[in-house]
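Heads up, the thing below is written out as structure tokens.
We just call them A, B, C and D in the order they show up, numbering each chain from 1.
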Amino acid sequence: MNMHQAEVVDHVEASGGYRILTVEVPSLAKTVKPGQFIHLRIPRMDGAVLRRPFSVYMAHGKEMAVLYKLVGRGTHSMKSIGKGEILSMIGPLGNGFPMLQSLKVPVLVAGGYGVAPLAFLASRIKKKGIVFIGGAKASDVLCVKDFKKLGWEVRIATDDGSAGEKGLVTKILDEWLSVLNPVELLEFFVCGPDGMLKAVAERAKRLDHTAWLSLDKHMGCGVGACLACVQKIKRNGVVSLLRVCREGPVFEASEIVWE
Amino acid sequence: MTRSKKWPEMGVTIAGIKMKNAVMVASGTFGYGPEYADLVDLNKLGAIVVKGISLNPWNGNNLPRLVEVPGGLVNAIGLQNPGAEKFIKEYMPFLRKYDLPVIVNIWGRSVEEYVEVAERFDSVKGVSALELNISCPNIKHGGIAFGTDPRMAKKVISSVRKRTRLPLIPKLSPNVSNVSMFARIAEDCGADAVSLINSLPAMVINVETRKPVLANVVGGLTGPAIHPVAVKMVWETANAVKIPVIGMGGINNAREALEFIIAGATAVAVGTANFTDPLTSLHVINGIEEYLKRHALNSIKELIGTVHT
Amino acid sequence: MTRSKKWPEMGVTIAGIKMKNAVMVASGTFGYGPEYADLVDLNKLGAIVVKGISLNPWNGNNLPRLVEVPGGLVNAIGLQNPGAEKFIKEYMPFLRKYDLPVIVNIWGRSVEEYVEVAERFDSVKGVSALELNISCPNIKHGGIAFGTDPRMAKKVISSVRKRTRLPLIPKLSPNVSNVSMFARIAEDCGADAVSLINSLPAMVINVETRKPVLANVVGGLTGPAIHPVAVKMVWETANAVKIPVIGMGGINNAREALEFIIAGATAVAVGTANFTDPLTSLHVINGIEEYLKRHALNSIKELIGTVHT
Amino acid sequence: MNMHQAEVVDHVEASGGYRILTVEVPSLAKTVKPGQFIHLRIPRMDGAVLRRPFSVYMAHGKEMAVLYKLVGRGTHSMKSIGKGEILSMIGPLGNGFPMLQSLKVPVLVAGGYGVAPLAFLASRIKKKGIVFIGGAKASDVLCVKDFKKLGWEVRIATDDGSAGEKGLVTKILDEWLSVLNPVELLEFFVCGPDGMLKAVAERAKRLDHTAWLSLDKHMGCGVGACLACVQKIKRNGVVSLLRVCREGPVFEASEIVWE
């Protein structure tokens, strides 16, 4: 973990309501692993005292990118970030996804901007796998091309049916699971809203597969100091409050104690 | 430890603790040390005040625990901590590696708990002082904070005083009409210094859901928003007591820290700004040094409490 | 006055005063009416609370009286005013021309002065209510504010209550541990409503000159910085009394006003934001109306105090 | 007085540390008088709640300009104001300078940015007069060309002698007064720091000339509501605290009760 001065090299719209910010930040780009995140100081944000956390979406050579959704004050302020601007970011933060277990097939499940760390993960996994992407509507389904380029199978579901199948991403996941060779060894990597994480965790448990969930909690410091981001985790029989920013954001599904 | 003589002299002594400069990091905003150690050279800080510790582990409040507001944030972490034993075992060895005074912020839900946790630290190597957070609710007396009732403040400070040899620094609540009265109580009870201010009681409501944003309903406001309130309280307090005052509340830069010192604080602490920019404390230290040079002052001590009113 | 029935219903009644909406302008931030009348259609406001009036003319503090800080300002105007007679003669005729409840903010340096100025307004046509500013220092008791001592608060409120038929709205000081206790005192003394919060005691030091920026040394912090503190106090107060609460502190937009209403305020007042944008109160009114429509509420009354905690 | 949405048409440096901001704001430009000011909402000023007052430097057709000095947070933020931007301003505010009495010679005395309202005044006075401009150094002496174009006589003094004579503006004023035909009827119009105003006021009193001083006080509301800007004024034997933003900023020198 370090403080970085990152120079913006590109900043474009990904789809309605989502943008991709690419920066040059060699030391960070070299070391960051899929599932880790950076804590960004957003410039020109009136009276703001907190940074904002974003998963790394891409890291290649000297460059690194985040894919973000416009949700509130901070992300809307980010729109004005221009090429050449120098941004302060802390990173890499968090544990990131573990290495894929060698015999297993990677199954990624993404909701909304949760696809960002998974696209990064796919780019670093040698094996080809399958990704399920869910969103409210077509414009919430991102990174499809990234996965296709890597030769991954992509399945899509949207609430309104404007892309892929109509319904929840777990519906198309269930369909796929139901026709699967039962001896196939799967490993799930999941990022998205809590409801989706829980739903995938249930399936993984039922079918006895490992599932890695990346959690999304409000953050203060991003480095483990403020305890704003804790999650109940059961490890070795002991329940404790671990910090999503430090011990997470990725936890094994069976460890998570849902409230 | 010998250091080459340096101009200007940045060091101060608080409650017998020699600090290489007047800038500490505030309790709850800097963890227990390791969290920011990759980013901040801990040897450069005047002191670290660790996150509040109680006798037994404590889970704190439900989430959300923190919300940003214009010019600050409102937090209701609820004093989550691993308890004294685990802190001593897991963090003190790390902290002892540094040339850094460690001030342990302690709290309890009864006078007895305060005394017990204080006693536990008395013989722990590397602990320079205890900061007594008296802003937390007293469970036995129906949730009234120790820090807003003069009799309860007196009781908890004097009880702890009797049972620890460590320097004692009560941390005063700003949620009172007359903070200097509480500082005088602390002084009378034998405190070695006082620190202020803690967060201001506050609340944020999500108007769309009509629910409080924080799970705990209310929380404490910190950050730039509270700076002028904190300066006023520190000024008032420094004029009322002889023991040193540690000033904090909304420090983002050297100028804001200097206001506290000129108002009468012997040292300052950087809190919320650590989240905004973890290097704030180092910038403040540099800025104070630059200011002393520019004003041809030999020592920061020449500045303390020199406001002309 | 008959108005066509409108959806949603924006009107509220406070202390018997029918207001066409819940948005007033706060004392000291809107003069006596004429100052902003070119910019703001006074007929659109829920009420105006005029700058604090004392029995006799009063010069206030030396300059500088005001300094900007991040997220707010610190003022020490010192209650300059022309005195009751001149105000009645020069400003009341102007104010009577509008369809606008006029709440006169009054203050004194002794209980007698409060009573006398209150009595003077009792028969003045066009005055809807008195707001009793109890945050100013009591000269006779050595400068302790009426608003931070329960006995003095009780004395001044009950004394004024006996001598005026006008609705009485004590304005509470935020500089206390337990504002709801003062609200209960006000209620017990027969107040018709309470308003809060007044400014938070604060201080700003010019570090280059080492002098306080304000001639009066200390002042009061207002503006966005104090909003979460004010919401917390209003929530606490609304839960403690049956009389209506007028909430203020840091309102810049409808969302911030709605937080007060959802927390339990029957009306709100816009203060410092009048300086930033004189049209703020009108924007707040429109924003509340838009919110009520969006949430399919028939009346603002359905919103008051509905926070789910 | 009104709220205006003014579109920036020009924004340039006048000299080191001073800038001229020109806006299109027809209604205001038409009605504003010399000595009046506007209260500007400075955009992108983190956490600011107060506007900033600036005298009008020029008003012509649809356009109006202010000449400002970079002093603190607000004026430094103003640097980023770009062409086409829409600014919120309240104005015209204050009383402004009175009409020149017909038989008199206008004598203007300016310090620093105080020259702005006087340049505007000169452009509206038919009679040609003389202006004394003082500043710390050459770059603090502004609007010289404006006055020359109007055919006015310009005398300059700077503290360091980098332009005009070395010394205070009152020194060159005294020199000029000392060789003046004593029956000449003068009327002073003065804007600058308090010390300068006082010094000119003394001379006017001594020589029995009328002097109009434009005061500069910290302002809150700018419209007379907050009482941040008051000045002790003696009128008809009665001393009262008048508002510089409303009853001023221009007062007759003999009325002012200096502390």
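What to note about this one:
Keep this in mind: contacts are C-beta pairs under 8 Å (C-beta built on N, C-alpha and C of every residue); 3 or more make two chains touch, one makes a residue touch a chain.
Computed from a predicted model, the values in this text were never measured in an experiment.
Chains making contact with chain A as well as with chain B: C, D. Pairs C-D and A-C differ in how many C-beta pairs touch across them, and the larger number is found at C-D. A separation of 34 Å divides the Cα centre of chain B from that of chain C. For the pair chain B and chain D, the distance between C-alpha centroids works out to 48 Å. For chain C, the set of residues that touch two or more other chains comprises 69-72, 224. With touch defined as above, residues shared between interfaces to two or more other chains in chain D number as follows: 46-47. In terms of inter-chain touching, the protein chains here all touch one another pairwise. Across the complex, chain B meets chain A through its residues 28-31, 34-36, 38-39, 51, 59-60, 62-73, 75, 77, 80, 223-224, 272-279. For chain D in complex with chain A, the touching residues are 44, 46-47.
For chain A in complex with chain C, the touching residues are 47.
Within the complex formed with chain C, the chain B residues making contact are 69-72, 74, 145, 148, 173, 175-178, 200-205, 207, 209-212, 217-218, 221, 224-229, 231-233, 235, 255, 258-259, 262-263, 291, 306-309.
Considering their complex, residues 70-71, 224 of chain C touch chain A.
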